[in-house]
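Each in structure tokens, the structures are laid out below.
Paired with subunit B in one complex and with subunit C in the other, subunit A is shared by the two complexes that follow.
Entry: the complex of A and B
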């Protein structure tokens, strides 16, 4: 009995023990930290399961919250309106073209973003409102904080293509190949151009 | 009561004959019903709006003039063919005695009607509108249907723009990463300037309808649809907005000839507005300041300098909002100030209960209001 329990515990602990962590810092060409940059790691040679998640892009004080929302392709996004005025959310982006009618509260149906790419959001009533949904083909993604840092945790050992996106970039940078070993904690600095 | 060629007349108080065209209301109601039927069958057609019932302490004249009891229904009809192409019609019905010369027993008509096209060249966004529209510059009237979420009535500046300016033409807007610019070329609005110069400023929410004639004094009227001299007016705006701050400059020139055309007097108005808005957490601070000359030529040329500014501070909670506004407005050296405090409470999602107190020049006005929102959602 004891042997069985120990074996089960070891089996459960094995993936955690072998998980690698990638700490990324994103700076611009002048060395200043870049906030709201998205970094995502695409596993090479391994299938990625479909997303079955729901995310939220709120609207409060005529601001989309968060300003940048990374999601895995296939994720459904809700667009609640927490303001006391109406909003009309739209996107012209090829990754997802849609518009919601004028509304307050939360629309009944979430919108599924099934195609990787950058979806620029706006409000047709309040032109100052802008935000981005970054749809990525992997569950391994994060957004930088105000110091330009993020962490991709629970990565299994193997090869990855590391991709960077931020709103002010002029073109898509080439993916950075990264190889992680079991339990490795790697630090990488990326320059956003 | 007599009816002739679509006009119904009836004898009112003091033997006055009151007339109202029945053609326009019937046409508008038909349009609404047809739209509602179509909207049920097509997701690209949407409608939303609100109805309000308002009571006010009696103020007969001056900037705080207001009906003791008034009602309004405003309805927005939107056709959303795609994010690229759409159309918008803003209908308004109101029961107010005394504002409108054409109909002293209530008015029903069109406040806005335009077709809109959105283009995305590169990372820019360009929006084209053609039709009749509010100038999209107000920092107060920021909700759909030009509704003001902060107070029941708007500042002197925006009360004037809502009552006497409705560009009828083409508007182009350009947006790029916080920078924005726009220009409007319009017909109509030849009498823009008559209200503050001749009647006086007001703190109101009386959005004039297309074709409506609003009394300026017993002898003449003003209308946003007045095009007497066949000269196009124009407006230009530009600015920048960041996550919390917006700065905007606007110029309006109706290029009116300043001449008299029957009961319509053209006022040539050149007006500049600078606007700043700062939003952080649940606080909003908004300010607009406008100034410029207007002239009228009757025997000789009369010129007035118009000036109107406001500073608004507003705090929102989950179901309520409190706002305080200071207004400063003048014609030449004849200036006035006003304070307005409003508290708006939303006990349930579609109902808003509001109270507002405004004071200026020794006058005080108290408003209470029930506002019910409806939509096709």
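Entry: the complex of A and C
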């Protein structure tokens, strides 16, 4: 109930107040920037709309591209095969278990990831091909670039639970509560463990 | 005793040296081998432990790879991802058996075991060997050794990737004998793996040792101290091992020990083989050296032995056989020298033997050899009728010849005589020179050829004069014959008897005499006399008998001849013939002559003092002529007796004068100058030449009685000799005296022949002084009576 009220307030305030921006830098314990880390902000007390988007996890040169693909839960992801060899994409992750038997081209049906969680992707005949689809329950997410930076834009003012994920982390860190005011340009440093 | 021969000595020394050397070599090899063996054995064991580690580590890696491949199997992953325990358990069993894993466990990333093939024993518990998980988390995989269910396992932990790790799968592989055998195959070491106290019966143990050793090991295992990485000796049954404890690195901290060991005998085998080879080679070398030494020693000792035998032969007096050594080395030279020495000794001994048995001068056998031959000849005469004769021979007047003509001449004469005798004799006869001028002959006599015939033959050899160095001389010999078995049965006695016979011959002026049984005693008497003669003067045993010499014309006793007699306490009165020659031979004649001179001159002095005007005649021996003090002595005596020298006549035999005419002349002249008259005695028996006689300062000649004794009208020869002698003497102004007048006829003849004086039994025998004086007195009475009577014709 409370969450519904907050999100309603945010929605009401949106047109009036300008959106806030959150710039996040992710470093590891040694202070080095961490690439391909996913940071996503879950609004507190507000519903988020369903995701009606599609995403693409391409396979080129025996590599999943992108390596990390954050998506909002409910997003359908296409797995086109841009190589001229076959791949067999699979996931034994609990968030989404599937497999695409050896194929070329783009399978007709995209796969919908409706459950938040991390889906580790692999190709059964190319052990080195790995990729992650990070299914988050929010549309506010981004991936760090090679300097460990990302920006979450168009955030309405309000409270958020800021979550960090990257492939090497042993467990999910506790979410960082962040409150954004209207039009606020906030900068946050996160340490990946 | 043991080292009696040179050969044995050499061989023993050789063996000793070789055995010592080879024993030393063997011991050195053995000790070095043992040390090397121990060291290399220790090294082997350490290498073996590293190999064991390596093999286990390699096995772990291989197992890891295998398990990793297995874990990436899609179906496996799918099954694991299913999160359905029975499914997971079955896939673990299934896939585990694919790679022959003995156990498989799936562990969640969070820790608890998800499933296992051990009947779920570990499920929901945390994995007991957490270290492996930690290591796998750090390195992506891990492997290690651990004890599981009391058994050694090699465990591998790898992640199950999907593609991110979703779980750990651990597969266990028991370390069994195959592993150990692999180590053994590579290292030739026996490997034992033991887990102490892992279960109730004392431990787990697997080994590559044979079953029985395994039992021994089990029973001794508890007593084997586990000293890490240190060699130790282990006895299993009868076999010695060298062992090394090597603990394995375990993941769970459990104590798993490996014991690497090797049979010492096994390791030592190459060394033993080497030792055996060296021993065999040593033995062969020893045998070869022994054979060589034996040959060498034989080469030395054989000839030495032969030399020794040769020396023994020489010792026994056998010089005939040369030592046969053909070598050209020192021993050969020794043998040559030895043989030269042998012939040298033989020659020398022959020479010595010859010298010992032969007379150096004549080369005839000497007395020794003669006695020997004689004994042999006697021994050889075994048959009855065989007679052995010896003839002893003594040269007459040899001493005179020697003294007169010199020793060289005498020697040459003896040689010549020896030669003649030898030529006269038969092969089987033996002639020897016994010494001086004595020769002897021995021979077999028979009826066909008697000893006397032999003696006659020998006598004939002296008939021809000996022509030596431009001097011609006649020599006579007196011979005595003795015959075996008639006179004696042994050589010594036979010689003695022949000697007696020879003296008889000499005494009787016969060429030879045969021994007469019993004559022996005479010879013994001679010897006794000879020894007693010295004392005769001191004991006053000598006496003088006087024999008158009658002036044939006046019939008066004008001279008295002093004749010495020996009143021997045992033999009675001895005539001068019996002892004077002995006195001359023994050198006592001077003493006797002096005694006679003193007594006779004293007596004569007394007679003259009493008015008896007699001249005393005294005989001098040939030796007296060589006494230079004699004239002075006579002076003393004359002075003492107050006697005129003209009352003394000294009689010297013709042969005595002839012995050294020059010297005799000097002495005689000396005496003559003192006024003493001189007479030549025994005239006619010698060889005095007239010219010689003429030079002598003599006053009288005494015709030898041998011419006078048989003087009768019938014996014209004797009359002729006597007459010519008397005429000769008168022509030279000498008075002539005849000895041995025994009857009236002789007296008459002498008177007719104009002989000056006569002496003999017809007138008077030699008488003791008292009787002589009595005779003188009675004769004086007769003379007084005859002055009235016309003549005397007694």
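Observations, loosely collected:
Methods note: the second predicted complex is superposed on the first by the 176 of 193 C-alpha atoms of A that agree within 3 Å, B and C clash if a C-alpha of one lies under 4 Å from a C-alpha of the other, contacts with A are read in each partner's own complex, and residues count from 1 in each chain.
We take it that a contact is a pair of C-beta atoms (placed from the backbone, for glycine too) under 8 Å apart; a residue touches a chain by one contact, two chains touch by 3 or more.
From a predicted model like this one, the values you see are computed outputs, not experimental measurements.
With subunit A as the common reference, subunit B cannot sit beside subunit C without a clash.
Of the two partner chains, neither subunit B nor subunit C is touched by A:30. When the two structures are aligned on the shared chain, A:146 is found in touch with neither subunit B nor subunit C. Touch counts on subunit A: comparing subunit C and subunit B, the chain ahead is B. Once the two complexes are laid over each other on the shared chain, residue contacts for A:122 go to subunit B and to subunit C alike.
Legend: residue contacts after superposition of the two complexes on their common chain; A:97 is shown touching both subunit B and subunit C. After overlaying the two complexes on the shared chain, residue contacts for A:61 are found with subunit B alone; subunit C is out of touch. Note on the chain A alignment: of 8-16, 26-34, 62-70 or 314-322, the part of subunit C that runs into subunit B is 62-70. The contact surfaces that subunit B and subunit C form on subunit A in the two complexes overlap at residues 90-92, 97, 122, 124, 127. Looking at the complex, you find that subunit B touches subunit A at residues 46, 48, 76, 78, 80, 82-84, 118, 120, 125, 136, 142-144, 147, 149, 173, 175, 177, 180, 241, 243, 246, 279-282, 284, 316, 321, 344, 346, 349, 373, 375-377.
Taken in their complex, subunit A has these residues touching subunit B: 61-63, 67, 84-86, 88, 90-92, 97-99, 101-105, 107, 122, 124-128, 168.
Contacts from subunit C toward subunit A in the complex involve residues 72, 74, 77-78, 80-81, 161-164, 166.
Remark: subunit A residues 90-93, 97, 120-122, 124, 127, 129-130, 167 touch subunit C in the complex.
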